[in-house]
Amino acid sequence: MIVELGHLALVLAFALAVVQSIVPIWGTFSGDRRLMATADTSSLGILFFVTLSFGALMWSYAVSDFSVVNVWQNSHSQMPFLFKLTGTWGNHEGSMLLWVFILALFAAAVSLFGSALPPSLRANVQGVQAWLLATFLLFILLTSNPFARQEAALEGQDLNPILQDIGLAIHPPMLYLGYVGFSITFAFAIAALIDGKIDSAWARWVRPWTFIAWTFLTAGISMGSYWAYYELGWGGWWFWDPVENASFLPWLSGTALLHSALVMEKRDALKIWTVLLAILTFSLSLLGTFLVRSGVLTSVHTFASDPTRGLFILAILSAFVGGALFLFILRSSRLEAGGLFAPVSREGALVFNNLILSAAAATVLIGTLYPVVYEAFTDAKISVGAPFFNLTFGLVMIPLLIAVPFGPLLAWKRGDLLGISQRLMFAFLAAILVIILTGAFTQKGQWLAPLGVGLAVWLMVGSFAEVIQRAGLRKATLAVASRRLAGLPRSVWATALAHCGIGVTLLGIVCVTAFETETITVLKPAESVVVGEFSLRHEGYASRTADNYSERSARISIFKSGEIVAVGTPSKRFFPARQMPTSEASIHTFGFSQLYLALGDVEGDGNVTLRIWWKPMILLIWLGTVIMVIAGVISLSDRRLRIGAPARRKSKGKAASHA
Amino acid sequence: MNRRTNRLMWIAVVGCVMALAIGLSMYALRSGISFAMSPSELKAASVEPGQRIRLFGLVEQGSVKKGEGLNVKFTLTDPEEAVVVEFNKILPDLFREGQGIITEGSLAADGVFRADTVLAKHDENYMPADMAEKLKQQGVWKGEEGAGK
Amino acid sequence: MLFWVITIVMLAIAVLSILLPLARRVEQSSNAVQPMDIYVDQLNELEAKVASDKTAAESLAQEKAEISRRILKQARTQDQITSSVASGSIPSIGASLIALVGLPVIVLATYLHTGSPGQPDQPLHARATANLENTSIDEMVVIAERHLAKNPDDAQGWSVLAGVYGRMNRPMDRARALQEIIRISGATPERLADLGEALTVAGDNIVPVRARQLFETAFKSNPQLAKAGFYLAIAQEQEGKLEEALARWTDLAALRVSDPEWKSMVARKQKEIRGKLGLPEPETTPNTLAGPSAEQVEDAANLSAADRAEMIEGMVANLASRLEDNPQDLPGWTRLIRSYAVLGKMDKAQAALKKAHLAFSNQDEIILQLQQQAIQLGLKPPVSKEENP
């Protein structure tokens, strides 16, 4: 009964979403506040029913109810309990339900925390969000119903072993929170276009939502990258896989949106562009969903693909993107043009940021879609590999990375480039010093690596120039300076940290790319191999059986200057239900660097093939993203950005209960 | 600077940057792409030695030969034509005889395909759809059960 | 019943979530923020910044002027937007109707189309503890497998499962189970021979090298073990070592003197191999087909029922496939046709007869022999070649 109630709840959510698609927007057109107000309760109702439904599916995974086709296909009675639960979204149907759950979550968040929004804007946002909800719920019910039933099977077909990992518990929900979170900015854009009122207040309202989505997306992409790094056993952390690109594209345009909304809020300019970016960002999320789910592009991430699903998502994509752009064209002529833009000014720098991010997104998009287009025209299959992306994306981004520290120092309207350059001199000197030092330690001909490290240091140090300047650290006494530091708006700190995070990530990327070593060797028992400053000895070989897999592992002692520092057990697992082996890499952290051991073949006489990577500074890649996420959280806590912040003065108690 | 020249200046900047980005992409696409082919397509096409290619097909039964150290040679078939592939790294977990795989590398002058990447995926999704179709028609495809035995 | 009660409650929640706001009076003064508030806020912020950073005051002045202009403009437009909340009876009646009628209709139509109302949940533990009387063999096997996955050292469990696998004709699984038993309780000659037998059956009744080694080990430690000896002899025969096979059969005859069926089987085997060795054409000797003789098929009684069936089936199939490759073997065809007939597979016997007929279509004498055999076995005699152009 629980399964069927879950199914029914899903249908109820769909019906409510259909009603919410019509009634609130009708309310804004007829000026009836009561109709608008229905969105507040009905979006809570949708969240309630989708949650029930998701809970019911999770329950049937937890108890291994193999009369549910979806559970039977993706679970196994012997799986650890945690993986039974996370298996709920480790497949197409379940992950679509998670997608919709998060969509409902954001819609409900607008009802709960959007009380400061003008009623008609809020009703329209909720209405647009309901269109999305209704469409995707229909998609689930018609093509990917997770509650389809069958005669109870005896045993499930097991979850793909690669997904049997703690990473699955966190990575998709995070990523979806970001991905789907941009639906709110999309809804804001459409709502504003319907209303015809796009002003700097709109930019102020949309920014917190953009920050929430951006923060989750950053965390999600980063988690996914780390998961791929340790779980796949290939030692790589970014593959320019179509699915990775699909999540990276909204990130790029979302980052651009954050910056352009700032211009719109402060200068009442770039309106058309900002609204377009809000539409494009979510369109890229939808495009990603389409690419992944339709099987148009083959990827490590693809679940079983089904042409009807692909067509359905393509229809959703064209309807929403096409409709949004049509509305945009209709209304954009009514928008007033903004003021003058001096090239050297804060807004000039932000436009430059948007320009480069769009160009970078364009190159990634070209590389991702080129195989599809090429095949459509010539019938030959090609693949666009990492070299393409590294060359184009890398080159396009460099000017932006150089410019980043300048941006926050520039004043609105007219900036003083010379004065700023002086303030940034210390960062410039630090970068030069690092370039010389790194150059001295690298081999001849590797001139790119020192420059890359220098650029990273320039970013990391230069990002704090505004903080230093505003605190007056150079002239004031320590006490005064620290008082000023504490008094700085949080957004200043957030900007500095986010920009610094990019530098940290860049440093990790440069170090790993330039200084990584890879050793592949066959080790006899008790034989050793030297990797950099480490010596690794093969100690023996063991097998064991767990609930749903068997495992063979090698014991490798790791010595550093004669002392044993770690014992690694790289292993291979075999999952009989899917007849599928997986590798479990053994990863050892030394500072920010890691030693990565992966097991290859094992020969009869106990010889093991080992693949050993030394990954210098690799953890900085993810540490940088963690810093960016922290920056996102700080900026959300900034008073100026908090939803409905100005209303706080009027009714302090009331607003506080909302926060 | 008046409003008009200001706007024109920005349009020029936008145009330049976009043109640069797209030009760069087009340039990189010339060298950065690799063609995906089956062995018979490879035989039919005139491929210069050294050009990067993604070769996909089935590992022929009994063709895997381990050489010195990590060196391994195997035959990839589609199954009308067959190409010998040489590989010097660790084979992926899912590499098996009779399994569909994708290799990436280039054709050497001696007709041996030197791969630097071997991708094996249990999932038939990983194989280009029409390749899987072709193999199924010819009855060579070993579905999940067949490969499991 | 409970299901439908809950359905109605959930429907009511959904409908009320639309109806309640429609029935409520909306207070006019919400705490919504107007654009004006935001501009004022921006202005305050700017002033705070000017206060803290005197040097920047000049550049911030322009910014301040711009915000002030925005405030003025907003003040002009704000007067025009007087929120016009009509009594709006038509929209709210329409919305109520959608909620009361449209919503339940959508829900029931969709759910009854896609759902399976009334199908109970079937969580695993509920099914596992359900009464075993209704469980099929397949289900019991799955339950046993699950038990053994958790308790892999249960030798008793494995040996039960090995027997079941044997009867279900799953020789590879049987071999796996036997390997587990050997791992847990150690190797005995009997177990090794059983494992070898499972591997042989899995290999279409050709004794594989590994099984042969197992039989040899088993037979060495227990020369009284008839099963091991039997398969060793078969293996030698399959390898074409007919003299060695013959010698082994002679030794094996002594193993079960009191068993008449065993004796007659061994005797027939010996006779058969002697016959093969005595064939005049030397080139057929290496290709000689080791199929079961008709008599052997009729009473391979020294083996268990399951083994016997498997052995015969396998050997006949084996013989048939070899004849495909080497059709010029009259005794082979005769034996195959006979085997099929004895097994009651008349259609296959008929088909084999036709194939043999084709293979020797230009040798009238042989055709005659085949026709005679056909009549003896109750088959339709093959048509002569004139009638079959």
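Side notes on the structure shown:
The first chain written gets the first letter, and so on, giving A, B and C; residue counts start at 1 in each chain.
Just so it is clear, a residue touches a chain if its C-beta (ideal position, glycine included) is under 8 Å from a C-beta of that chain, and two chains touch if they have at least 3 such contacts.
Here the structure is a predicted model, which means the values were calculated and not measured.
Using the average of C-alpha coordinates as each chain's centre, C ends up farthest from chain B. Across all inter-chain contacts, the pair with the most C-beta pairs is A-C.
Computed centre separation for the pair chain A/chain B is 28 angstrom, with centres defined by C-alpha atoms.
Chain A and chain C have Cα centroids lying 39 Å from one another. Mean C-alpha positions place chain B and chain C at a centre distance of 31 Å.
Across the complex, chain C is touched by residues 1-5, 7-9, 11-12, 14-16, 18-19, 22-23, 26-27, 30-35, 37-38, 40-42, 44-45, 48-49, 60, 63-67, 77-78, 115-119, 122, 141-142, 145, 147, 149, 152, 154-155, 199-201, 204, 265-268, 339, 411-414, 470, 484, 487, 545, 547-548, 640, 644-647, 650-651, 654-655 of chain A.
Residue ranges of chain B in contact with chain A, taken from their complex: 1, 3, 6, 9-10, 13-14, 17-18, 20-22, 24-25, 28-29, 31-37, 52, 54, 69-70, 89-91, 93-94, 104, 121-123, 125-129, 144, 147-148.
Residues of chain C that touch chain A in their complex: 2-3, 6-7, 10-11, 13-14, 17-18, 20-22, 24, 26, 30-35, 37-42, 45, 52-53, 56, 59-60, 62-63, 66, 70, 83-86, 88, 90-92, 94-95, 98-99, 102-104, 106-107, 110-111, 114-125, 127, 138-139, 142, 146, 149-150, 152.
Interface residues of chain A, counted against chain B in their complex, comprise 160, 233, 295, 298, 300, 302-305, 340-343, 351, 355-356, 358-360, 362-363, 366-367, 370-371, 380-385, 387-389, 391-392, 395-396, 520, 522, 572, 578-583, 598, 600-601, 609, 611.
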